[in-house]
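Down below are the structures I want you to see.
Look for subunit A in each of the two complexes below; its partner is subunit B in the first and subunit C in the second.
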Partner chain A sequence: MTNYIIKRIIRGIITLLIAVSVTFLILRFMPGDPTTIMLDPRMNEAARARLLKEFGLDKSLIVQYFLYIRQLLKGDLGYSFIYRTPVTQVILSRLPWTLLLMGLTQVVTMLIGIPLGVIAGYRKGTLLDHLINAFTIFGISVFIPWLGITLLYFFGYRIPIFPIGGAYTPGVEGITYLKDVFMHLVLPVLTLTLIYLANYVLYMRASMVDVLSEDYIRTARSKGVTENTVVWKHAVRNALIPTVTMAGLLLGRMVSGAVLTETIFSFPGVGRMIYEAVGQQDFPVLQGAFLILAISVIAMNILTDLIYAYLDPRVQLN
Partner chain B sequence: MKRYLTLFLVLVLVGTLFSGVIAAQEDKFGGNLNIGITTDPDSLNPFISNDRIGSWILNNIYPTLMVMNENAVKVPYIADKINTSDDGTQVVVKLKEGLEWQDGTPLTSADVKFTGEILYEEKLQWQADVFDEVESVETPDELTVVYNLKRPYPGFIGTFGFWQRIVPKHIFSEIENIREFTNKNPVGLGPFQLVEFKRGQYYTLESVDEWFDSPEGRPYLNKVTFRVYPDVNTMVLALQRGEIDLTAKDIPRSQAKQLEQDPNFEVVQTPSLGFVYMGFNYNNKFLDDIKLRQAIATGVDREKIIGMALQGDGRLIDTGISPVYEEYVNPEAKLPEYSPQGAKAILSQAGYEDTDGNGIVNDPESGEDVVLEMIYDGNDIYLKKTAQILAENYKDIGLRLNLKPLEKSTYSDLLFNQKKFDVNLGGWGIIDEASDSMYTLYHSTAYLNFMSLESDRLDRYMENARFASNKEVMMDNLYAFQQEFVREMPVVTLYVQDYNFAYSNDFGGFTVYPSDLKGLVDPQSLSGVYKK
Partner chain C sequence: METDKHKNENKNREHETLLQVFIRSFFRNKLGVIGLIGVIIIILVALLAPYIVEPVSGYGDFENILNPPSQAHPFGTDDMGLDIFSQVIWGTRTSLQVGFLTVLIALVIGVPIGLISGYFDNFLATIGMGLTDVFLTLPVLPLMIIMAAVIGSDIKNIALVIGLFSWPKLARITRASTLSVRNMEYITAAEGLGASNFKILYKHVLPNVSAPILVNMTIIIATAILSEAGLSFLGLGDPLTWSWGKILENAHQSGAFLSAWWYSLFPSLAIMFFVVSFNFIGMGIREALNPKLRQR
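Moving on, here comes the complex of A and B:
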């Protein structure tokens, strides 16, 4: 077990190094440089050169790369070009909001998605199954900004129940603050849930279908176990295994959803920070954001593998 | 008895009315205004911030010597008077009396002198360049700053006075690295002061007790909160919902139209201080021919562009100088009237004929088809539509214009760094100080002259205007410049866009200032806004 964990961690570090390098290169190969966006065109060439030097962009690509890696090893993510503050600070101020949004979305999606998947799998081929399928496919195919704006138009403006934007109303305090934060979360969570529901439903449905045809289910039924127990105890527990794996892997995909959702809902998270940083070619912020993202995806992968091994005795660790 | 009763009733009635009037007047004070912005300001450091959002917020906290009035004329603001000597080499700035920084320290000439020194030494902004022409700075008394210039330079004070926010010396002289200073607790001098902010969410300003420019000596509002809505559709919904009362960012015509019909909102328009143009690269094998440039200019239907691409939200610009700066525009200098026939005539006179019969005229020297490619920022919907109309215009006169929409940074890179393009469609955000800006855009040595235009005559007019010792000389040269400009045709100026801003009818007292840099959130406007 320990050996396995160490091996996985080493592999994780190698993956991380590759991810960091690819991010670095992709950003540098974007056309233009940050000065074309941020500098006033009226700035003369000397001032431009000075700023490039300040950002370390006057050095060769190789030198920049090694300086960046050295900096990373020291645990320093660098300075934001635009905000002129440490990237760690910029990200940390945004991260809690994204974690809140993502966490809540995961929970809600699982709570709705898994039962829906179970029902669809159990009632395979029925009208109910088709309806669930159609609904989730709609969710996965829809364009996030469209869905977001539509929800905002109906539930923010036409029937003004939920606020339009932000994480809370400036100035609220105490218990009202908590309620306010909750109200601001409803529509973004709903949007993300609709989008990601399909992942759980379809996975769960497929593995339910598989599991229900297994021998042990037939055995259970012939033993006279009630149908409810067969489905929810014997089948679901086994069908959950692939779904758990998926939950871990979904994390990376969810970030792309967060970029658009947070932007539409003016939510102050990391996703919106990425959206803004791309427009401003703020390399250090983007590198920092993708680094954190890579770390969490890799960590989730390791964790999923471990959980998987724990859940499924057939997985051999050595 | 009855008479007394009537008298009593009348008195009561008058009294009620009167108290109502008093109450209404008192009611002007108080109220919180929420303003929609699209993203955070780049910095709260008044030296460093260089974007629109930064200006919207910081200009309400830090003062400038001059501001622009509603007619785009620069006038003294915290300066009481600004005088230039007859020979144009000395500028005397006299500050208003009794102004104090928000920590109680009086504003003095030392602050103004210091601001210019740091700006120049550290090259903090583009406007630092104007100090190249400054010989020495004196502060003969607490409220007077004297700038001795190396030679007459009319653009100096308009640039420094309008663009540079003045900072308190007693605070900024203590800062070791001004570039990295984030200025989280600004001590400013303006109608408002920053009390709280959460990056990515909001910036709350509170009004000060005394402000010279407010109608009643202090701002009516208690608080102004700038709230971030990155998506303009969401921002408009927030306005309709009442989360914000005003948009600092301009809104598209379709949404402006919708809000115009809503009795709860007021929509106002203000012209840009810049313009959109089509530029020609002189290094292109076809475009160095002045006849071809003139023919294209004659074939461009600018009215159609304004009517269709901008849906009417724009005005014509004829010379390099925007009609917004009316006093500088030479009324004689005009772009050619739109006439496809006229354009074709110019082309055939110059020897351009469709010799191979493929619908595209051939170059008289090389015999090649005159095919050009135009680059532009493909994410800008106005430019996208304009480009399509231009392509039709080219086709109508027998030329071919291939459209190449690009991502903005690619576009800038091709234009500024590589200068690799045939035709570009682009815009200048803000062009002020006509005497100076023409030089920065079109002089043969100017960095922004990516067209590679080289004209001795234009160069001479621009140099003379830039360093004119008096207004007459400046105007003569600006007029001559414009006359030659519309003949030489290095660019075809297409339009000046009008921006739409919307605000809630719950508030009054707004004044709209030119450009999206100022709009309704200029300090001169916000310091007079009240809740109805």
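Moving on, here comes the complex of A and C:
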């Protein structure tokens, strides 16, 4: 198991290194002077020359690459043009909101998606199965901002049950604060859940169909175990194992959804910040946001893989 | 593929080519046919846009701001008084262009990587597989945003950006299919006869992995449209073309979506129609190609 953990962490580091290299390539190999991209255009010439030297932009590309990595290792992502503060600081103050949004969505999609998938798989070919399938096709086809806008229109504007944006009401404290944050989270989480639910449903359904045709299920049935126990205990337990890998894969994709959803709901996370940075051409923030989101996703992927290894003893043998 | 052999053996109708078998089974699948009709409609709308409605131009019509759907404006007008119907119709061209360019780029990168990493067992294969896995885990939208922001929002650039990050899915599916034919007897036979690796990959492996590639191409087109709309929505669209994502961005930025339901509804329906059509075609092809799923 220790070996597996070490291997997994090394793979995570390699993934991160590739992510870093890709951003380096994008920012340095594009038409135009990289300095115009990474430095504030409103800066005077002397300050600009000093910064160029400081960042080593007068040196060869290879040297620049290592300087870039060294700089990142120190946690230095540069200065934001808009906020006039270190990018790392700005992003880390926003990150908890995004992690909260994505974490909650992950939990809710699992809690709803897995049982739906089990039912669809168990009742394969019935009307219920078709209904669940139609619903999941809707999920993979709908444009996230529209779903957000629609929910906002109905439940924030027409029937104002939920707030129409932000993550909290300024000035509210204590228990009311928790309740307030919860109310702000409902619509964004619902939006993301409706989109990503399909993944769990389809995966769990396929997995159930496979497992239910296995011998040990027939054995359990012929032993006289009740149908409920067969499905929800014997079958689901094994069908769940491959679904755990889905959780990891989904994280990277969920970031895209989070960016769009946070934009709609003016949610103060990293996603909304990316949207604002696009408008302001704030490249240090864009780059920093990507790298920090990548680190979060990689870390959570390692975690899901470890859980997977724990659940499925076969992984440890390899 | 073995299934092809089965098809030949079980064939009651003689003189029927595999293509005919495929077409016949495709047309038996309702979803696939619906998808095909949808895609034909989309292509026709894109081609015939100049004959359907004039493109919007100018600074708008301030007499007719946010008018609900009417005879003159079937989809209503936006916060500048511009006709939304026209924007949606002309947006079809953008979406279709982006979809096809993206899938082309994804094919050029993804298929060779998939073939190599599935067929060989060497350093190159490991790298190909590793890269695929990395790009499947990384959050690609922020990466696309950085790149689009750097290289500028020309429509071709947008397609390039989306294509550069759409190939991993294709590479993975190609690799999986290559692995499954890798050890079949006819490949071993070709190797024994001294065929070069390139020839084996090109003439023997590729034709047999093309079915899953075809299915995934439709899905990549569908996803590309959602990505293009997403980038446009975040303000990274081509300012000189009409795009469904951009209409939604305008609706959101002006705040008009709360009072004018038609502003966001119609472009969104267009996106959904597009995505569902391509997904359905994919499902139809998959079922038509899979003898286990095919309804005879």
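In the analysis below, the second predicted complex is superposed on the first by the 274 of 318 C-alpha atoms of A that agree within 3 Å, B and C clash if a C-alpha of one lies under 4 Å from a C-alpha of the other, contacts with A are read in each partner's own complex, and residues count from 1 in each chain.
Criterion: a residue touches a chain if its C-beta (ideal position, glycine included) is under 8 Å from a C-beta of that chain, and two chains touch if they have at least 3 such contacts.
Predicted model, so just to flag it, every value in this text is computed and none were measured.
Novice: In the superposed arrangement, which partner chain does A:Ile14 touch: subunit B (first), subunit C (second), both, or neither?
Specialist: In the superposition, A:Ile14 touches subunit C alone.
Novice: Would you sort A:Asn301 into first (subunit B), second (subunit C), both or neither based on which partner it touches?
Specialist: Second partner only.
Novice: Does subunit B (first) or subunit C (second) touch A:Pro145, or do both, or does neither?
Specialist: A:Pro145 contacts both subunit B and subunit C.
Novice: With the two structures laid over each other on chain A, which partner does A:Ala220 touch: subunit B (first), subunit C (second), both, or neither?
Specialist: neither
Novice: Would you check which partner chain A:Leu190 touches, where first means subunit B only, second means subunit C only, and both and neither mean what they say?
Specialist: So A:Leu190 meets neither subunit B nor subunit C here.
Novice: For A:Tyr275 in the superposed arrangement: first (subunit B), second (subunit C), both or neither?
Specialist: Both: A:Tyr275 reaches subunit B and subunit C.
Novice: Contacts for A:Thr263 in the overlay, against subunit B (first) and subunit C (second): which applies, first, second, both or neither?
Specialist: So A:Thr263 meets both subunit B and subunit C here.
Novice: Report for A:Ala198: first if it touches subunit B alone, second if subunit C alone, otherwise both or neither.
Specialist: In the superposed model, A:Ala198 contacts neither subunit B nor subunit C.
Novice: Which partner does A:Gly248 contact after superposing on A: first (subunit B), second (subunit C), both, neither?
Specialist: A:Gly248 contacts subunit C only, not subunit B.
Novice: Identify the residues of subunit A that lie in both the subunit B contact region and the subunit C contact region.
Specialist: In the superposed arrangement, which is not itself an observed complex, subunit A uses residues 30-31, 37, 145, 149, 152-153, 157, 263-264, 275, 281 for both subunit B and subunit C.
Novice: Can you check the complex and tell me which residues of subunit C touch subunit A?
Specialist: Where subunit C meets subunit A, its residues are 130-131, 133-134, 136-143, 145-147, 149-151, 222, 226, 229-230, 233-236, 244-245, 248, 251-252, 257-258, 261, 264-265, 267-268, 271-272, 275-276, 279.
Novice: Can you list the subunit A residues touching subunit C in their complex?
Specialist: Against subunit C, subunit A makes touches at 14-15, 18-19, 22-23, 26-27, 30-31, 37, 137, 140-146, 149-150, 152-153, 157, 248-249, 251-253, 255-256, 259-260, 263-264, 274-275, 278-279, 281, 283, 286-287, 289-290, 293-294, 297-298, 301.
Novice: Over in the complex, which subunit B residues touch subunit A? Could you list them?
Specialist: Residues 39-40, 42-43, 45, 48, 50, 123, 125-126, 128-129, 179-180, 182, 196, 198-202, 204, 225, 227-231, 233-235, 237-238, 240-241, 243, 407-410, 412-413, 416-417, 440, 447-448.
Novice: So in the complex, the part of subunit A that touches subunit B is made up of which residues?
Specialist: Where subunit A meets subunit B, its residues are 30-33, 36-47, 50, 54, 79, 82-85, 90, 93-94, 145, 149, 152-153, 156-157, 160, 163-171, 263-266, 268-269, 272-273, 275-276, 281.
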